[in-house]
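You will see chain A twice below: alongside chain B first, and alongside chain C after that.
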Partner chain A sequence: MELKEKLVSSFMAFEDTVDVHSPIHDIRTEAIKTFETEGFPTKRQEAWKYTSLNSVLKHDYSVFPKQENEIEFKDVKKYFIHDIDAYKIIFIDGKYASHLSQTTHDGIDVCLMSSALSKPKYRLIIENYFNKIASKDGLSSLNTAFSAEGAYIHIPKNKLVQKPIQIIHFSTGNEAALMLQPRNLVVVDENSHVQIIERHQSLTDNPVLTNSVTEIFTNKRAIVDYYKIQNDRESASLIDNTFVNQKQESLAKVHTFSFGGKLIRNNLNFYQNGERIDSTMKGITIIGNKQHVDHNTLVHHIEPNCESHQDYKGIFDDSSTGVFNGKVVVEKEAQKTNAFQANNNILISDKASINTKPQLEIFADDVKCSHGCTIGQLDESAMFYLRSRGIPEKEARALLMFAFSNNVLDSVKIPEVKNRITKIIANKLGVNIGFDL
Partner chain B sequence: MLKINNLHASVEGKAILKGINLEVKAGEVHAIMGPNGSGKSTLAAVIAGKEEYEVEEGEILLEEENIDELGPDERAHKGVFLSFQYPVEIPGVSVTNFMKTAINETRKAKGLEDMPANEMLKMIREKSELLEIDRKFLSRSINEGFSGGEKKRNEIFQMAMLEPKLAILDETDSGLDIDALRIVANGVNKLKSKDNAVIVITHYQRLLDHIIPDFVHVLHDGKIVKSGDKELAHELEAKGYDWIKEEVNA
Partner chain C sequence: MSKYTEDDLREELKTKEYEYGFYTDIESETFPVGLNEDIVRAISKKKEEPEWMTEWRLEAFKAWKEMAEPDWANVKYKKPDFQAISYYSAPNSKPKYDSIDEVDPELLATFEKLGISLDEQKKLAGVAMDVVVDSVSVATTFKKTLAEKGIIFMSISEAIKEYPELVKKYIGTVVPQKDNFYAALNSAVFSDGSFCYIPKGVRCPMELSTYFRINQAGTGQFERTLVIADEGSYVSYLEGCTAPSRDENQLHAAVVELIALDDAEIKYSTVQNWYPGNAEGKGGVYNFVTKRGLCETNAKISWTQVETGSAVTWKYPSCVLKGDNSVGEFYSIAVTNNYQQADTGTKMIHLGKNTKSTIISKGISAGKSQNSYRGLVQISSRADNARNFSQCDSLLMGNECGAHTFPYIEAKNKSAMIEHEATTSKIGEDQIFYCNQRGIDTEKAIALIVNGFSKEVLNKLPMEFAVEAQKLLEISLEGSVG
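Right after this comes the complex of A and B.
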């Protein structure tokens, strides 16, 4: 049976496992119909021209993991940013792992989507925010139809959340192939500030496909700092659908670090509903072998005096392929918009490729919009210079790659996260040198 | 220290060095002069191991070991240093981190532990004072936005940090005003010892007033056509290179 048919026919069984009287029952039912109509995207669609899902859709994924798995903290500690005090929302094969987690209801809600969907006290937030900005395309609808678990974060107004929140989805490989549909909701009220770190990690080489949806709402003057660490095994693939809805004077930053995985597609969408909003998205992609990473971004400037900043660096080795498709829409009313977009790439091997496409749709006449993309090779004269000082080829190459991506790394505000990313990069490049550039 | 026998080298099939013979002993300073296009910079790059250059014939021996097959980093580990005519700008890598990495990689190649941080800082302080380099300058990206003089001083600073056995200074005087020239020459002279050697490549004689050579060689069309002592440099300064060409062609 094709995966699509399997998913559609599993829906009834899925609904039996969750509460059919849930406030989102109708939303789920609607969503599975949309998925049935839309299906999975194909290369015939403009937004998917350079990314084919065929190779990841061919597996016979289990949609419901049968048994619960216990994993011990010591075995997975290395995937945590464990040197800081943090709230933790941890899942194993899609199920909440309380023994690895640290949630809270003390002034803020850092807990589970499953409880938010079932308990009356969260009903108002769910009604106001759930599925309000997720797009109605096939993949997001599929996630909506099966949405049952994930992180639920609600920060009421005037709270500076002192500890970052870590969300980690582990998959154990107990199933021959597993498909996950995590669903996260982040609502940050007026004047509040929160930092979130998200990671998906497979623990074996069994295929895993994660189709995640995250909705983020930043209300007036709220600040959200979101870090996505994508360093999974090359048997795991990720489709990350993130939607950010911003109110006036809010600041939302999403950093995406893509080093691992077989195929990654990031659909990152910002909607600015208010004035003086700042939206920032930055990313570093370093991949090799036959890995594929696709960044598909959208900033929708709707009101005046707002800014957006995009800065993506990509380094592609072996037969890896990259895509950057950055769309900026500036509505007629959005005067004095300042939109900046940069995408710089280095191709290490002759077989690697990148397709980069800035897409600007500007309907206002008093705006500053800039975009630039570059594709180049490592500078051979710089290589000789570094090597002539005794730095071996591999280390010299790594140093130049670090230097290339340094300004994105520099904007990471949590030192431990920056440190971790630095280590992952050094590891990925097979070097052991300090990069305190 | 260095012995070059019948060295032929080419780039993209074009022969540039056509039979160089040169011996440099420890404690000596050799100057290599010659008109533009005579192969001076190529000789420097070939000794340092630039991979674009193909050694067609002959050999380069460093302390009696043939270094032909070694990469530029391995030659650096054995004590070869090239001060670049055009130092490369590397945005994003600070001078300090560059030197830390270079020194520790060299130590690693010799089976030594990393240099302790305080020792490294002390060394950086001493050597930057020697070259009259402002400390702030060391946290800037390598050569990025440096003036011509700053770039060359930075090259000699690197030489001071790496303490090479054989230093090749490729047109280190070009782009230097008289003050910078004095600082650079003073730095080189202080680093000179009976155990190391310096090859100064220059078009003009003026650097040789400050770094006194024991031998002067004239390179023409890929060959050393004349050798002498420091007086030869003065003669070249006074008479130009044409008489050499005529002598060769005669």
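Right after this comes the complex of A and C.
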């Protein structure tokens, strides 16, 4: 049976497991209808021109994991940013793992989507924010239809959250193939500040497909700092749909570090509903083998005096493919917009390829919008310089590549996250240097 | 001095009527409206074409029937009714003239209004004209001079009769019949166009030029141009268009094929000024053109275009860099005003080693127009050391217009070097102030700035054309550019 039919037919069974009387019942029912008409995207759609989902959709994914799985902290410690104190929301095969987690209701809410959807005290927030900005395309609708679990984060006014929040999804491979649909909601009220780290990790080589939707709301002058670490096994694929709705003077930053996984598609959408907003999205992609990473970004400038910055670096080895499709839309009311977009790529292998499409749609005249995009190689004279000083070729190459991607790391505010990314990069480039330069 | 502001300019632009809008009343022989196999056969018969050509057209027609009109371009318009168009129209005064004196005087007057008096052109050194009114070539000058060098420059229908082996060998090799909807339509019904062949090692002594005009109400114009530069030759080809005012939308679906064999160079320049519709966006020409060039080893093709007219433009002059060390260039100025829509750009397909391409695109939008750049740079896995530089700049005048950029970049070779940059800006208050302060009035200042913005491209045009191009910028944008 095709995955689409399987999902549609298991929706009834899914509905039985959750509260049919909850207010989002109608939203779910509506969403499954949308998915039924839209289906999975194909290469014929402009936004999916360079990414085919066929290879990841062919598995017979089980939609509901049958049993609860226990894993010990010591086995998975390495996947945590464990050297800092943090709130933790951990899921194993889509189910909440309380023994690994550390949630809180002390002034702020860092807890579960399942309880937020069912408990009356969260009803107002859910009504105001849930599924309000997620797009109505096939994949997001599919997630909405099956939305039951995920992270729920609500930071009330004037709070500086002292510790970062880590969200980690483990999959154990107890199922032959597993499809996960985590749903996260982040609401940050006026003047508050929060840092979030998200990771998806498969523990075996059984195929996993994650179709995640995250909605982020930054109200007046709020600051959200979001880090996505994507270093999964090559059996796991991830479709990440993130929607950020910003109010005036807020600042939202999303860093995406893509090093692993079979196929990764990042749909990152920013909507600027207010003046003097700053949106930043940055990413480093270093992949090899037959990996495929697709960054699809949208910044919608709706009101005047806003800024957006995009900086994506990619290094592609072996038969890997990279895609960057960045779209900046400036509405005619959005005068004095300052939008900047850069996408730089290095191809290391003859079989690797990169498709990039930095797209501008501008309807206002008094704006500064620019984009730059390059594809090139490492500078041979720089290589020679390093080699002539006794640095072996591999290390010299790694140093240059690290330098190439370094300015994305500059804006990472949590030192431990920066260290971890540096280590992953060193590991990925096959060198044993710390880059503590 | 009264202050001339951007608002004044905008007002002026809105009310500016198409200066070249007039209609010559020449008796035309026009086919009944509609398109079917019989019409295709009739066109072919009318042009006394050989059997293979008729078959070739029919093949294209069959393919066309299966195709759907593309809608991916960033333009909105009422789709033309292909059954409501007459597919053939020729000026009635036949047979062909031997000298310019025999040409219908009314026709000559038309050219005079356009500022291209044939007599004058004849005298002007170095420009040969193959004038196309509607669809049949009525006058060809300087043919003898060219013939001495062995250069063939004639209408394509003549070429089909006189040099069938050349036409047969090359037609459809760069733009196949089934390439796209409009190319297929053109292949089926093309009425005339130019054919040019430069023999081995010959440097064409003059700029070759044709003027296209759409004249007959309700007749679409389907031009077919084929330029072949044999090994080591050079040619510079100019194409310029102006069309009379007409209220219903006219369709222009041309195909241009360039073939540059080893070490050859083709420079193809276009000034396009079809009727853009009036200030309310009524009328205007639909310009759906397929232009493509093929470069063999060490060959070079350079496209330069100034697009100021047409209600809807859909045009991507492309280079297929097949041979090693071949070079492709694209320089473009696209100006849109009122309700004009332009979706234009280029495709650079790098197949050979050490191939190079340069793209400079300048878009100027005013009024309620939409101006898009859409380009593709593709580096195949065998194209070692390919190099591309692209720059797309947009200038917006007023906040009712839009500028869009859709660059597609696909690299499959690690030695590729690709750079792409795009900027969007408006005419700065400080720039205007600077000029004012030095005694240059605002109108002049805007003209200067627009001219400076497009200079990189204007410079690439041959002398004769650069002057005309500046004139066209004037008409499209304001009274005193230049």
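What we mean here is this: the second predicted complex is superposed on the first by the 437 of 437 C-alpha atoms of A that agree within 3 Å, B and C clash if a C-alpha of one lies under 4 Å from a C-alpha of the other, contacts with A are read in each partner's own complex, and residues count from 1 in each chain.
Here, a contact is a pair of C-beta atoms (placed from the backbone, for glycine too) under 8 Å apart; a residue touches a chain by one contact, two chains touch by 3 or more.
Treat the numbers as computed from the prediction; the structure is a model and nothing was measured.
In the superposition on chain A, A:350 contacts chain C only, with no contact to chain B. Residue contacts after overlaying the shared chain place A:332 against chain C, while chain B stays out of touching range. By the touch criterion stated above, A:366 is placed in contact with chain C alone, chain B being left untouched. Between chain B and chain C, C touches the greater number of residues of chain A.
Of the two partner chains placed around the shared chain by superposition, chain C is the only one that A:375 touches, whereas chain B remains out of contact.
Of the two partner chains placed around the shared chain by superposition, chain C is the only one that A:46 touches, whereas chain B remains out of contact. Using the contact criterion defined above for the overlaid structures, shared-chain residue A:78 touches neither chain B nor chain C, since it reaches no partner. Within chain A, no residue touches chain B in one complex and chain C in the other. Chain A makes touch with chain C in their complex at residues 46, 332, 335, 345, 347-377. On the chain A side of its complex with chain B, the touching residues are 379, 381-382, 384-393, 395-396, 399-400, 402-404, 406-407, 433-437. Chain contact summary for the complex, chain C toward chain A: residues 72, 379, 381, 394, 396-426.
Residue ranges on chain B touching chain A, taken from their complex, read 48-51, 71-73, 75-77, 81-82, 84, 87-88, 90-94, 97-106, 109, 141, 158, 162.
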